[in-house]
Amino acid sequence: MSKRPLLAGAALAAALAMTLSACGGSDGGGDADGTTTITFLSWTGEEQMTPVLDAFGEAHPEVKVEVSYSPPVAEYIQTLQTQVLSGTAPDVFLIAAENKTNLIDGEHVVDLSGEDFVKNVEPFNLETYGRDGAYYGLSLSSWAAGYAYNMDLLAEVGYDSVPETWDEFLEMCQKLKDAGITPFLESVDQMPTTVSAMIGAKSSEMDPSLDDLIFSGESTFEEQWTPVLEEYNRLYTEGLVSSDVVGLDGDMVRDEFAAGRVAMFNAGPWNIAAIEEAAPDLNWTYAMIPGLEDGKPFVAGAASPGYAINSASDEAHQAAAKVFLGWLASPEGVEIAQKQTNDVTVTSDFDPPVDPIFEPMVESIRSGQLYLPMISWQRSEDVLNVEAVAQIQRMIQGQITPEQVAQALDTKLAAS
Amino acid sequence: MARPLWRRILLSAVMILLACFIGIPLYYIVVNTFKTQGQMVTSPLAPPTELFLGNFQEVLTDPRMYRSFANTLYVTALSVVLQLVVGALAAFAMIMRTSRLNLLIGNILLIGFIVPGQSTLIPLYRTLVGFKLVNDLNGLVVMYMGGAIFCYFLIQGYMRTLPFEVIEAARLDGAGPFRIFWHIALPLIKPILVTVGVFQTMWVWNDFLIPTVFISSPDKRTVVLQVYNAVSEFTTDWPMFMTVSVVALIPMVIFFVFTQRHIVSGLLAGSVKG
Amino acid sequence: MSAVAVRPPRALSKRGSLRGGASGGWKQIAVNQAFLLPALFVFVFLFVVPLVQTFYWSLTDFTGYSPEANFVGLENYTKILQDPSMLAGLGFTLLFAVGTTVLITVLAIPLTVQLNKVFFGRNFVRSVWFFPAIPSMAILGLVWRYVLSPLESGVLNSVLARFGVEPIGWLSVDSLARLSVIVVGVWAATGWHAVLYTAYLQSIPGEYYEVAKIDGASPRQQFFGITLPLLTPAVVISTFLLMTGGLKVFDLPYTLTNGGPGFATYTITQSIIVSGVGQGRYGLASALAVMFTVAVGILSFSQLALTRYIERRFVWPGRCGAASC
């Protein structure tokens, strides 16, 4: 008897909620009025995407976009995968490093290389999501990560500019450390920015590229990666940085920097807003990652995921989707999106306004001088990446040598 | 009852101290909802210097938050009630008739615990597409019915400890299975029903995996999807994220405080035991 | 297997025979069995069908993207057995499952007993203990990540620093990271299991304690003589849940340590997800899932059989003794 109120309460709540949720849910699709409705699974959050879609609606009333959202990265990939597999994928979705191989292999995406709207886009971005001359993703921006420097802390040990080479960088770390300042922290919950940039610098001077050699079997990770990893590992073997970094994530390192407790850290554009809000008076700047002896400064980075069109959609929907993509790549579209996301865009007919602090990185981004192993690798990207991160962490802890890290990658590649 | 006063005070002190320690993360979450990102970075643990209500204001004025509450309420209430009914019916049948067949079925049902949820997701998605239950709140309810096996397991375990003479007596009086189930068994198993119900409510309310795959329209989002809507690819506004989380959990806290007394209801909870 | 796992305890079988003459014939039995149908339907639809599908895929080169899948026999299985890092998560998964099961059980029972005594602030304490069951494990993992940060500014380290303790690498040293994940796992679930035990405590008739008190039993004797034995059915349930949940753990290590440092806190489920979702090696991930399901099955059913054996040895004679039947 006494459990009635509980049960009844729940039933009432269910009924109430049912009526509430029945009010919404409009069905799109009606093409009778001459409009075409396309579906779109957004990678960008609702907050930032809504103004973009509103502006598109005004510019092209003949195409309606029915949008859904999924937070990046893993959830997005999983959601899209289940939809593709069951034939319910939207007309427009994002092709990313994590799914590009599968989407292209399965012929789920339309080749965009003949379209007018790709002409203004930096080729590096298109090639990232392309294969054999075909472009499958309209990638309109890139990100790059380098080092952020606290100039006041640098001044305390007599520096007024950032070091150009790795040796100078390590020397400066030593001076900072001697002065009682924590010199540098790098989150290694992902591929370390330093390693990506150094491998990128090396690869940019090779032809064919470093990854072409490794994945064709002409070379190995052991041969290509070991020297770079050995240099990187000096941070830890020379006692400049604590091996505790293996337990840190990017946000923690950023907060240490914002609080003035560390002089330098690995940073991307996503850190700007948070640091400026947390420490508006901080005197800091970005810089590219110092070059190794025979290399130039470089940055870690990649083309943002590209808009792709579902090859399973019918002709009318594909045409409407192309209208949508064309507008997104136009100066108006890029401008509105850029205002929301602050991305550094890569279309030639729009100059993105950039925070002056981030200026040192812009040239690399706009010209596609970026490298991220996971995107450049040609197969088994995710498995290799997970393996690399874990093995680098073990190297930092002193459990294995740089050579063993590279060997583990070779083994993993051979097994997959 | 005869416990000396000083021992009760000691127990109070020890338990409250321990609870404070256990509650540090709770404090951490709540205190930071009243801070800006900047304040959180510089002093994450300190109490806020001034009460910053901007986070709450932003969250509470967002109509999407209320819509997602309604969606979640519908899914949670319906699916938990169904789970409990299905689970209790099965447990009842199993206890009433302990044939070899039923024992076998009872063991086979436990396989439901063993299967990692991730591995059944894609097959189930394909099935639900066929039933037009994808991107539909009722589809979520169907998915959560898997929890009925959990309910069954806990309820049958509890039923086995009950004094069965009562049910025997009712049966001898000629009461049918439905009557016995409804009027005798259900009231007896109330403590476990509430416990399991609370637990399943927490699960459904908080689940992220199933809605993120099965729901795509913004107006069908559950609360947790709404929470994660605030997360971007690279960086997170932590105070905001925590505020959304806290707001999303307030109904659960109220629910728990309300149901807690049902768990320890009736019997002389306390003094006598231990 | 049936005879091992869900054998009726003695008292129950006695009831079974008692009821023989009074049962209402076939109709009653049919109605009774019909009660099982909804659960069976749920089970077949949500577990059996997808499992069969997964098993089929495990024998193919299915990518998870294109609908075509070629039969490759046992190739996926042999691949897993030959790749040591596929099984990298095995050790920690076992450690976590056993560690949390034992620690939570050892903590939750005394906690239950204490929480059932009358003391000032009881509702507050009870709520705090239960609180970790409310938010999702993913959010808690993120918060704990800050609490356990190895930096000097980490929450726990800054508290310890007031007592002059040097910063400790909670999440950056292999053994400490493993310990941290287990401790957070215990923190998260102990309160809920205490609530579960509380529900079972309700079913212990108060007279037992009255009788024991008259016989002059001390609180300690009451605990070991009445409470603990009569809670063993709850222990069976609770440990089974903990064991299966522990073996399948994913959210907590994923958000707290992401499997690191190195592979120190890597779990099997993480392997399944990385290869299945991230890599389009769905056939391989399915094979891993099938092997994992079988392994979890063997482990948790043996554990269930063991605890039920203990329950039978322990409880029913105990119950009779206490109730003086």
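As written, the chains take the letters A, B and C, and residue 1 is the first residue of each chain.
By definition in this document, contacts are C-beta pairs under 8 Å (C-beta built on N, C-alpha and C of every residue); 3 or more make two chains touch, one makes a residue touch a chain.
All values derive from a computational prediction rather than experimental measurement.
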Across all chain pairs, which one has the most C-beta contacts? B-C
By mean C-alpha coordinates, which chain is most distant from chain C? A
Can you give the whole-Å distance between the Cα centres of chain A and chain C? 37
Separation of chain B from chain C, taking each centre as the mean of its C-alpha atoms, in whole Å: 16
Would you pick out the residues of chain B that each touch at least 2 other chains? 122, 194
Residues within chain A bordering two or more other chains: 78, 81, 85, 255, 259
Multi-chain contact residues (two or more partners), chain C: 64, 146, 153, 277
Which part of chain A faces chain C closely enough to touch in the complex? 74, 77-78, 81, 84-85, 98-99, 101-103, 105-108, 189, 242-249, 252, 255-256, 259, 261, 380-383, 386-387, 389-391, 393-394, 396-397, 399, 408, 412, 415-416
The residues of chain B that touch chain A in their complex are 36-38, 40-42, 67, 70-71, 73-74, 77-78, 80-81, 121-122, 125-126, 129, 134-135, 137, 186-187, 190, 193-194, 197, 212-213, 216-220, 228-238, 259, 262, 265
Contact footprint of chain B on chain C as seen in their complex: 1-3, 5-9, 12-13, 15-16, 18-19, 22-24, 28-29, 31-36, 38-40, 42-43, 45-47, 49-51, 53-54, 64, 113-136, 138-140, 143-144, 146-147, 153, 155, 158-159, 187, 191-192, 195-196, 198-206, 209-210, 219, 222-223, 227, 230, 233-234, 236-237, 240-241, 244, 248, 250, 269, 272-273, 276-277, 282, 285-286, 289-290, 292-293, 296-297, 300-301, 304
Parts of chain C lying in touch with chain A, wherever the complex brings them together: 63-67, 79, 82-83, 85, 145-146, 148-153, 167, 169-174, 177, 257-263, 266, 274-275, 277-281
Would you mind writing out the residues of chain A in touch with chain B in their complex? 1-3, 6-7, 10-11, 13-14, 16-18, 20-21, 24-25, 41, 43, 45-47, 67-73, 75, 78-79, 81-83, 85-88, 143, 250-251, 254-255, 258-259, 268, 270-271, 273-274, 277-280
